[in-house]
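Take a look at the following structure, please.
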């Protein structure tokens, strides 16, 4: 780690703090353990344990190590647990020497809520996302900026001394606890349906924002109509997907098939392998999905609901696309920009059977946004976690039956 | 192959026949292809191609090869495709020299319908199952007998010259075609629900027999009540499972949990890991499940429905059992005997999320029995096929949601 | 199907032919069966059955149906089986009315070898791929053109009367038979290693072309060095992947980790979640992977081998990319163009644990190119088949151990 | 919970202790959290935090709640975290009223190391396993007894006041950390091979005991010879499996096939579906595997190595068995007894691709025994954990390639 080369600290004992749900979350243990693991020592000067869920704990301790370097090294590691220095040094910022290139000691963000200490105060970071640099925009404003968007001269936060993060405690007292760390196909999809229905209803009642990330399997497994119904009923405020979900939804509307399989009978349709191409051609003929709707060519279905509802959406292109449809965004940098814009301020994200777009969305989603991932394959949730979206709770189920049961349940509870 | 040592044939050209849906099923191709693969030759003397589904084709051909041995070798292979000799020799039968041991040239059965030529006629084999020997019981009666049940002196059919089998053509014109060879999680569980509901209704209307093979996942995923409802409504005529499905159903009835997870909330219950043991202890206290019902201790649920309906059932023991429950059959030979008895004359077998018992059942099920396998893991159906139950059509779905949807659908169509 | 509106045919009995391995491949059965399924009838006027592998069969038959429309309809379906009309009409070509839009009756290609009858001869189609239109380029030359590349006025082949395709018979007599239709995790990866090693050696000896499609799992599971060694030894002539495989390979070279996990110890490295971002930043600092090599910053590994070997490669962007690296192609249309260029004339394609790029590559690969797909998840091969790449043979294995065993085996056999 | 009905306690404040790696293991957090969750309160009177790995922490606290019942209820829950009462009451023991039936308030064991307080001392429990009752055998000796083995009059420990358990801290400082909680197929099987080889060598050098639990997939994937080699080299001291692994190993030795697939070529062998039955018949002819070896009929392979090495083994029967082989134990109660006997005092258990026998073994294995589970399906490890064997570390890999790599690695390091 060359991270410390940019500034100078010369103490081998420094005072640190942490606040929050330290006990529940296991963070207290992790802090002490990390120190000992790294051959450091500590002296706890204060530990006020919050006893009730609503009460935070406060921990103050001296971190002691053989050398100032080691103290610094340990302090860097502790940042991830929300530990910050009582005498916090103001953020060290180094200007980028050229576009898309930051000092190698840059602080690379997590997806947790983050603050930077500067001008005597903790300042919450804007545009929280993982794997970004922190750029100072003046007036005590810091923002997550992807490396590629760094411009020469941007003032980039280096080291972690002046940074603190808020790793989310598992939401054990909310209805979401039921699925935490649970990617077993042996748990009840039925329970998940009820909980998610309750949550959707609550978000809707509070005029919140739910974004759905949707793969073509939703169409193949017969869930597209149920999802369209959710959109029509105002439960969904943003739609992310790729070219394929739209193509197969159109194929279904024009030909009754998805991937050439008749969705009413389950039988491979005659000439069915052509249907998705003919659907694309039909849209090419009209000019776009929007124009096909305007001309009365497309009159129902998932993409129809998305378009008609007026919610923002983005179909990201990929190497495997047929067509692609005119609405598909083929420049990945532009698609990422649109995705990020659509999930902004989302209260909840529901990922439906698409690993690709789910990981893409997860990369830009703060960890404090409720995230549900429905997939028949338990490995998908494991992969999301491997890539940092540990907050995603997995529902291992058949997405078609799941969406139909969810639609039925929402009708039931919304009366 | 030492199979031919038991009898003597000395022709290098012999006449063979095959009848049935030779074209549809691909069997015509396989016959010709097998002959050429084995360096044989053929001359087709007659080929009446049935044009309509209801019409059989008839093929007659000379099989020619370098040596009588090779003719015999090829003829042996062709048996699997339903090919039989026009001048069929009567079955060669060798007495078993001791218990559980047959002549090494014994004919090992498939699970397809099988006939033995003897005393001038084709005689259908009794107790059809795979991996059995064929024993002559006198009066032109042949029966599939497991090796372990062979007794010294039993007359065992050797070689395949006098045997013909009827490999099932894929049932392409029935509603079941929709799933043939289809183990993709991308197909619609919704369609499967409708088709299977129709089939169940039809079998019930015809007073047929449906046997369910049921794993504990049915309980874990919240499908037990739906299955109990199907039993109550008379859709199921036999129940096969293991100790675990009963234990977890009892746990659910006594404590509301399954594997310690509360099925209403999805949350791990306090002390939940004890519940299944307490449930077993309760049954041990009552004496048995039956006595627990008689005493009013057990008043609902899947096992209650099974017991009350009076349908035959068997809980087979296994190495991983807790308890086991008094009703569990711990001797595997006895359990296999009971399983075989229960599936006798079944019209349809539905396998629900238990690979172990499904393979066990598949071993003893003729291939002409409609077999459905519902599992969230597509590999389960592949494994069933690897073990000979190629007739099983797979539904990759969430078994809990599947059973609830099936129950709802049956209510709908049965009015 | 509006496919027939573009031309006019008025016979209710027409003569058709098919040639090739009709028996082996099951195509003979499919032809007759399709006709009957569609309520048509046939009269076989000639059927010369090829007896040896090297000999084709020739089938001539009259296709009879109630109406010319039905004859046409059946004839359209039979095209997929290589059936063509004895009196073949020359290709009907309709000019595209605008860019990216073809007549709705256009012939949508499969990935099988295809010929168009025109000016008295069968002309093999250029740039064979699935889901394309056939455009006449003059001088009896037809080419597969993606819809989006159609230009106003392009002469597009409509209907299927003048088209014939060559569905590949399963290569049962080559070493590849071992895996056909086999996506079971219960088969031997060991055998697959030996067969693929033999094939790779054979292609190399014949100066053929092997293209690898590679996902980041190759790096995570410790297979990158083995693959680099194959490239160094001249077994690979093209490399397709995405941004991630390159990022994680660079992370591994600079930090010894992949996804933050130390590949020597398997332990999550301290600050490891930053490593891939620091790796990207390092490349941004150098300008590109190529410049990082030139400057001596990158001195080993998979991307080093790819660059140094001079084989063509393409890293396709995706919605989930970090960075992306300067070499990554972010415009999906351009990435598809480069992929198609790199696989041109490939003898063999090896897909390594990346469903996304494998499907992308499969879309543009003719079905007669040997295709191997190695993945630990059996569902990946099923999905490839669902999307038309039925020729891909699956190896369900651990890709890291697989590549190391393959490297060892190739060293052994190349002596 | 009726657990408290058996004894009487009337305090609403009681003193408790816990000792051990309370911080590292997260147990400190869990204790405090559980108390608050249950509406209790606590006052920490002493907390000596062990700073070094070798040093334990000691926690003393008052547990306070509204009612004695609630104190008792919370105390019961805390038992699972190793919490015990400072003024521990001696164990309450109630005689069983009849065979196989214990008082409903019985203490049901976990698989963690357990002690019972009696006659002024903590007494470690014998035959530690999960889901057992604790029976007092006199002379301060307590033993885990399965419910079915309870005899009328057995003195059964009730309640948890006098019980303390030692949940294993994750072995973070041993080489095994690399796999903890890791069931991702994206990690390196290569690393796992090296670590397990080191561990096997270490156990062998210390004359320890390794037991292997082995499924038939080991044979199907070509790993049987490598495992036989490990047995021959003295790395394995016990062998657990079912009928199938032996049948397919014998099939392989007699016919070169496994499940009818030729293991050298990967091609389905002619008549291959008979081979396993002929193998069984051969053994039936000889009388048993042992006699087949004595007669020179079986001369190599996995079962040969098992028999010849003289290590204890058990083949447990199951509902899906063919044969079964004479050595197969068909009574499940007897098979469980033999399994338990063979794993006694094992240092390490390696589970190879058999969920059934792995769960069976896990049920009777103390949690402090190192347990490795190798399977190509990540869900298998999740299921083991769902059933209490949370200590099992998963390696998602191809078991055939894995065993071959392990054999090669052991040859390397053992010189």
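Letters A, B, C and D name the chains as they come in the text, with residue numbers starting at 1 for each one.
Throughout what follows, a residue touches a chain if its C-beta (ideal position, glycine included) is under 8 Å from a C-beta of that chain, and two chains touch if they have at least 3 such contacts.
Note that the structure is a prediction, hence the values are computed from the model and not measured.
Enquirer: So using the touch definition from the top, which pair is joined by more C-beta contacts, A-B or A-D?
Expert: Result of the comparison of A-B and A-D: A-B.
Enquirer: Tell me, please, which chain's centre (mean of its C-alpha atoms) is farthest from the centre of chain C?
Expert: With centres defined by C-alpha atoms, farthest from chain C sits D.
Enquirer: Cα centroid separation between chain A and chain D, in whole Å?
Expert: Distance between chain centres: 37 Å.
Enquirer: From the C-alpha centre of chain A to that of chain C, how far is it in Å?
Expert: 33
Enquirer: Rounded to a whole Å, what is the gap between the Cα centroids of chain A and chain B?
Expert: Centres of chain A and chain B (C-alpha means) sit 46 Å apart.
Enquirer: Quick check: what residues of chain B touch more than one other chain, meaning two or more?
Expert: If we look for residues of chain B contacting two or more partner chains, we find 185-186, 259, 377, 379, 386.
Enquirer: Which of the residues in chain D end up touching chain C in this complex?
Expert: That would be residues 177-179, 185-193, 195, 217, 220-222, 259, 261, 263-267, 376-377, 396-398, 400-402, 404-405 of chain D.
Enquirer: Give every residue of chain C touching chain A within the complex, in rising order.
Expert: Chain C residues touching chain A: 1, 3, 76-77, 100-102, 104, 106, 108, 110, 131, 147-148, 242, 259, 270-271, 273-274, 276-278, 280-282, 284-285, 316-324, 330-333, 335-336, 339, 356-357, 359-360, 363, 377, 379, 386-388.
Enquirer: Please output the residues of chain B touching chain C within their complex, sorted ascending.
Expert: Going by the criterion above, the answer is residues 23-26, 28-29, 32-33, 36, 41-42, 44, 49, 51-53, 183-186, 378-379, 382-383, 386.
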